[in-house]
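As written, the chain order gives the labels A, B and C, with residue 1 at the start of each chain.
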């Protein structure tokens, strides 16, 4: 019954999710599982980024701080307490609360100003967090970071721990995907898109845009913190690199390449970027340019902004939409012709 | 005196997706003061902005002194000899009165000096406050600065957008006097809502409504025509 | 006492360097409302080309000159190829200049090598003076002098020269400047090139005082410059100077007395300004922050 009421796209997404769940049975090598987990984690992170960039038109340069706060909160709580499910839940809760609080603060301070204020403030805040993580050695272990234990799984599941983490991250991605999709398709989401397109008009329609912007900033910060938690438990280690600007840039790139303003875009972007990270570092032995792949990264980025602003998913959607309207036009002309004939 | 200096033919202008000017036909004869009349939002300001190239027309042609300037950049159009006084006067607030004039000067030669002296005689206040930041001037003085600035270079045509807006009646009188003197030197196109001012200054009129030129003729005839005034200007 | 004077000199020198970068940024923003996040990249290119040509020719001044030329060329290329396609769209500007920033800092590693590059002080600026009990490092005084000189030069150019008036008028009302017959595109290129050259110049001056340079410096100083522009007020040169000196001094003093706060203090300054005076300390009429 439920299946019947679902939209086609929802069925397709669920089917893909199901297929991904069975992927480890085909290839269960460690590096592959690890790569896939990274893709899921960063897909969540990039989707949270797109909530800001694509759906509301807010540029954040410090999204890494939510990722980092999530990773450190979970790691520190699980390290200090006993590695149990309680500590895991507590760590997650702490991560989400701190992430939400910071984004609330940043949003209240700068979202009524021009876009670069938010970008600058988040960049500065992220820099501050990196600095604190480096200096507050007693808690964070400084640059060396620290490893921690995650709760043991009952029975035979412990033997297939990677698989469980794989499924867990996949499930998280799917749930968060549908959750955020729900938000973007709600009336709230439509107001947000209105803000992106023309905030004065939305304001003149009687909406106060600030609360919406702050709300989305908080949701985005919380989801990003969650992805940080998942990242930490997937590698059972945390160091200051989680606050690195590179983490933010990755999210930006995934969103732009995949498709701004679509939630599937960041997922595809995450897959592309993670795969290329993996293979480009192999290519470094072949040619020096691959060692300096940041140049490529930057150049692709510039070209994408100029020539390809809708990303992969956006471009495909536009094409499909065009074809649909064409088809519709064709249908109606055909109908009217038939009518005339009759 | 019947030589045409400016001609707009079937001008269409869009601002974003809004079709503001739908069909504007408009001709200015050399030496005549032409007034553009119409309700708020009729497209008067946009017409001036289209002439200046600030909101370029998507269709139609603008001809100035026999030359097609439709696709010209604002600075090129200005340099052909059109002065512009926008609705908000476009004063540079942090610059002094003198600096405002200097920014506009294309050459700093004797001819410019002559024109400057003439306009300072016309507006003695500008001379008095020469070194004062323009933002501190009164509304009327700002309007005078904007007008004086618009013909500091060799100018064949001046476009003035609602010079009486927001000014006290006494000041409006002074502005009318000044424009009367200016129109002896160059051709003037005036956008005006204040009909009493328009009828004192204007020789020709054009009425715009919904982005179209609806009516035109001699100002004197319009004064008599109560129906037109009621229909398009909401007066009479 | 000696300590306080030395720290002050240090802070003012740092402030002057930040001012040089920020002044270009603020003009570019005020006039063109372009957010150039690659501005710090020009700083680091200036630093590297200064050091490189200094060691190549043996002349510190040729090094400086080459840095300025590098800044001018990169500024021209950036304006034409990167900024022009994205005029009027802040989000795309932010993204594209960020991409450029990555390319610029990575290209440094390709051209000059990935390692930290030592940057010597020219012999005649080495050492220090002893005035009473106070030792004053020559090179830092040199930076302060040059910075003050550039500020005066900029200030008077903007105040009295025709081009300066046009630039200031453009910051207030771009459209009117065009309607007065001025080709604003030419002014844009000019300002962009001068702003870039200033950043490169600051880099070349900075290198010897730090003793060694690395490619990540661009990001660091770019962020400082942006913070200074926000604190000082978009489009204001005096605002940039005051804010830069404030940031420079606050940094140096906290780095000495409360090292743990040194990074945080700049952010705190920005936070306070954002809270109480979001338009910045000095506000140019016509430049909005909304």
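The definition used in the following text is that a residue touches a chain if its C-beta (ideal position, glycine included) is under 8 Å from a C-beta of that chain, and two chains touch if they have at least 3 such contacts.
Not measured: the values here are computed from a predicted model.
Student: Would you indicate which pair of chains has the most C-beta pairs in contact?
Tutor: Max contact pairs: A-C.
Student: Can you figure out the chain closest to the middle, judged by Cα centres?
Tutor: Measuring from the global C-alpha mean, the nearest chain centre belongs to C.
Student: With chain centres taken as the means of their Cα atoms, state the distance from chain B to chain C in Å.
Tutor: The mean C-alpha positions of chain B and chain C differ by 42 Å.
Student: Round to the nearest whole Å and give the separation of the Cα centres of chain A and chain B.
Tutor: 54
Student: How many angstrom between the C-alpha centroids of chain C and chain A?
Tutor: Whole-Å distance between the two chain centres: 34.
Student: For a test of understanding, state which residues of chain A touch chain C in their complex under the given definition.
Tutor: Those residues of chain A that touch chain C are 53, 57, 59, 61, 109-110, 112-117, 119-121, 123-125, 127-128, 131, 135, 245, 249, 252, 256, 288, 292, 294-295, 297-299, 301-302, 305-306, 309.
Student: What part of chain C is in contact with chain A in the complex they form?
Tutor: These residues of chain C touch chain A: 35, 82, 85-86, 90-92, 94-96, 98-103, 105-107, 109-110, 219, 223, 226-227, 230, 260, 263-264, 266-267, 270-271, 274-275, 278, 288-290.
Student: Give every residue of chain B touching chain C within the complex, in rising order.
Tutor: Where chain B meets chain C, its residues are 52, 54, 73-75, 78-79, 84, 86, 90, 92-95, 99-100, 102-104, 106, 135, 149, 153.
Student: What residues of chain C sit close enough to touch chain B in their complex?
Tutor: Where chain C meets chain B, its residues are 162, 165-166, 168-169, 172-173, 175-184, 284-286.
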